[in-house]
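Right, I'll just put the structure down here and ask away after.
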Amino acid sequence: MALAGLTTAECVRQPIYLLLTTAAVVLTGIAPMLAMHQFGEEGRLARDAGLALQLTIGLAVAVTTASTALAKERSEGTAGALLSKPVGRTLVFLGKYAGVAVVLLGFSVCSLLATLMAERVSERFLELPSFTGYVTDYPTGIRLLLTIPAAYAVAAVVNYRTRRPFASVAFRTLLGLLLAALLVCAFFDRAGQLAGFAFEVDWRIVPASLLVTLALLVMAAFALAFSVRLNTVPTLAACAALLALGLVSAYLFRGNGWTAALYRVVPDWQHFWMPDALRSGGRIPDAYLTSAGLYAAGWTTAVLAFGAWLFRRSEAV
Amino acid sequence: MKRIAAIARLTLREAARAGTTASLALLLLTAIVWMAAVIEGDGTPAGRIQVFLRYAFGLTTGILTLATLWLAAGRIASELDDRTLQLVAVKPIRRSELWLGKWLGLMGLNALLLAVCAAATLACAEIMLRRTAPGDRAEVRERTLVSRLPVQPDAESIEVQARAAYERLVKGPDGAEPFEDFLPRFEAARNTVPPGGVRHWAFRMPARFRAGQPLWLQTSFTYASVERAPMTGSWSLLSGGTTSLLWSASVSNLPAGIVRLALDSAGLPPDGRLILAFSNAPGAEAGAIAFTPRNTELLAGAHPFAPNVFRALLVALLKLGILAAVGLLCSAVFSTPVATFISTSLAVMLAAVQYFVFTTAPEQDAFAHKHNDDPEAAWYDRASEAVAHAASSIVAPVDAFDAIGQMTDGRQVGWPTVGRAVMTLLVLYTGVPALVGILLFRRRELAGFST
Amino acid sequence: MIAPSQDTRRLNVVSTHAPLDRNGSAPCACRDQGETTEMPANPATGWAVEVDGLGKIFTDFWHRPKVRALDNVTFRVPAGGSVFGLLGPNGSGKSTTIKILLGLLRPTSGSARVLAAPPDDVLAKQRIGYLPEESYLYRYLTPRETLSFYGRLFSLPPDECRRRTDELLDMVGLTHAADRSVGEFSKGMARRVGLAQALVNNPSLLILDEPTSGLDPIACRQVKDLIAALARSGKTILMSSHLLADVEDVCTELVILHNGRARAAGLTRKLLTQSDRTRLTFPSLPADTLKRLLAAFRAEAGADPQVDHPSLNLEQFFLEVVEAASRSDTSPTGATLGGKPAPFLVS
């Protein structure tokens, strides 16, 4: 727990984590405002863009936090001090992963909240007592985007008054403000008029986001295992290659024999990419969530076991 | 200069010893060879090689774009973090020399990788050529592995003509239609040739072009009739002064798209003035043709391909120099991950800004995002457009130097173009971030507080 | 400094004009916290370093003071053959002072001049050599390439650079590892490379930050001998350390910093001499002779002298043991300094 907490605190203080989370929220927020086409369905662009950004930027978050947790400690020499304490290497490795996982969950929650609000912003045809026609819920979009300067301003004030780290305060504030912005949405309809309390958001996005989060957790395990031996840039390159390969593995390794064996050794990320299932009112069944969860758990366990073995054999300096 | 060279050499050596050079080279060479194996092109041998060249050089510059940004963003920041820069800064070297040395080192790395990739690409193209049927090889060499001088038609002052027509025809007492909307319609009308109609272009050939040298016409068109009738008519080349016919050829049933025709330049007049004419077939044989504005040109001469590749890569290298300067600027101010993030985001945003530039008119429902039927574009629309236009105006001069595209199209990237690229891309677009970066670096304290 | 002695029969007798305290010590009249002894004004060779009222405050992002590292520090380092010590506990401002002198930091108040030029003057840096506290070297370069690189920054001609590189590598005992990456070196070996790069330009002013940090006792001794040799050849050395024995051994003058302020400064000998006490050292005597001598001493001086046997310090003893062992052991391991300064440094 102590290791996980230390890792989380260390990662959240890195400015890059705040910047990546900010980028994900901003890009998700402006996607529906810049859209020129609906791509056949209202809200689809915002939904798909938000989930895609969660996956790609989440990959960068996973790699940078894993590198901070391991590679940086190795290069700065603090790994030696940690490993000289009465705690096993496997426990250290798992504690690091737990910390990275918490960081990824925080990022995923921010991304999910932004996606929910972005989907609500996207243009749709409404028939309301007060209005009939196409409308884009710009007020929600502006509230979403304003959470960022507001979070930064709060963090600046806290840093000025109490000298607490800017990045970690800003991230926590951003998370809180995104939740608050979603809550405020519940008091307005999509045309921007005050209405009775009702969450007019597409909750089907939540399981899709959960699947992407599971993918990120598997990716984090890989990143941590790579970080035992590699620095940040090679780890990022390896994880990016793994992501690309895993997305097309079903196509590349179709068939029998050795190609089928290759399919087994690369995670199939398509298991976690389900935005298409939400088209035309579709839902992701709970049974599928369970099976994807088991798939993710299996991969995570295997990769962590391998990574822990590598870590036990490595030299701390 | 010696000190700058020493820093540049150190940068190159570090990149080599850290495995960066080898990793990038391996990645690029693997991608190039893989592409040569899988590319199919447009089904013709020349098309296949042309598409391969475009994609290979495009991928090389794309990967080097990201690599340059990341390497540059980490250059100064990482040395500040591990304090190796302190030991250099206390030597008799100016901060500007240090910064320039780092930039030069990155440019050296890019030049080396561009050279290696160019050699690999040309080698693959040569192999692809040798695997082509002997009868098709001549076409490939004529069409693809060549460099021709593009000659644009004389400026037609479309805007002046449009203004005159507008004053005469459209603008009434109440000024119903704005000129900005009339102009593109007028230009489209000028480039549309109805059945039986004729379209002329006037050219002035450069002095170094001699009669009898290869001359090609390249143009593109779309269908302008409901029947979507293909191009049927005749092309003629006339002397500019005497309008005597020098060459003529008929075309029939050419589908819409790019048209390439070999012309006969044997009768080129001494003053080099030519008139190119297209006569659309009359009556039911043909339909109206709309030529793409500013897309008709003559391609003159046939020059070796390799020197053209070299000049195009010089321009590409200058573009990479801008990115190196931006990355080093960020590196001089921020830590490594933050500098990487900021420089990459900046580059991606500026590259994507052209997609967000669009014209709006209040009555154009398709483009304006509306709220509650408000006929005026909202303030956030106007603000975002203004920002996008401003950013686009910064990026457009850089984008205008599409040397790789020109080279793979078989068009010459001349030394004047390289000279203009040096002034624009190096002096202006690299110089400004370099000055700012050096200034910020000079003001920065290189040692922090430590107990 | 007491020379190492094999004779265990030597006796010290210490007498004092002032009453001894119960520990046998007398209060020193030449040191007082906050009081600075006078430095000689305007030496003939000029000043290598002039620091006047130097202050440095590190600020946070909002430019509010975070740490006051230096507060009104003034001292002068004469040029030409002096070894000046910058002494103080950890966090006293020694490294901050050095970084300001080298232009790596800017002072908040006061001024500093190095070789009669501002700290960021590029031409003055031509004559300065710097050894930092940690050896911040490029890990992918070999020692030879490192020295060659820094030599080029000093615009040394290639032949001269090569010659100096060879001599310096020989001096620091790294000729056998000249072509290995610095990243593979131990801390001590990296330190030697750091020392070599500080000398590649044959500097007039050598600034050493904790020069003996990470070195074994033999290497420490050799570094101190090197410092003394360089001073004798006319170079000025400014060294910072919190190892008192090292500073006492080599420094002719020193300033003591604490909490960012100069607390004492002056010639080392003058600061440490207890001028109110006298010590006699002579071979051991028979008991009754000693008794008579002491009685006479008591009668003459009217004071009770303190009598004990002199002792070596641990460093001296260590060096004697190792030297004896080296004479009998013909297969040395590890890196050792060559012991002699490179010829170009003392020519």
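Chains here go by letter, A, B and C, matching the order in which they are written, and residues are numbered from 1 within each.
Rule of thumb we're sticking to: contacts are C-beta pairs under 8 Å (C-beta built on N, C-alpha and C of every residue); 3 or more make two chains touch, one makes a residue touch a chain.
If you're wondering where the values come from, they're calculated on a predicted model, not measured in any experiment.
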Chains touching both chain A and chain B: C
Using mean Cα positions as chain centres, tell me which chain lies farthest from chain C. B
How many angstrom between the C-alpha centroids of chain B and chain A? 36
Determine the centre-to-centre distance between chain B and chain C, using the mean Cα coordinates as centres, and give it in whole Å. 63
Chain A and chain C, separation of their C-alpha mean positions in angstrom: 55
Contact residues on chain A for chain B in the complex? 14-16, 19-20, 23, 33-34, 36, 64, 123, 131, 133-136, 138, 142, 191-192, 232-234, 237
Contacting residues of chain B [partner chain C, same complex]: 2-3, 5-6, 9-10, 13-14, 17-18, 82-84, 86-94, 445-451
Partner chain B, residues of chain C touching it in the complex: 58, 66-67, 69, 90-91, 95-96, 99, 102-106, 122-123, 125-126, 128, 130, 132, 134, 136-138, 140-141, 145, 149-150, 152-155, 181, 194, 197
Please output the residues of chain A touching chain C within their complex, sorted ascending. 159-160, 163, 166
Residue ranges of chain B in contact with chain A within the complex: 23, 70, 335, 337-338, 341-342, 345, 356, 367, 369-373, 378, 380, 384
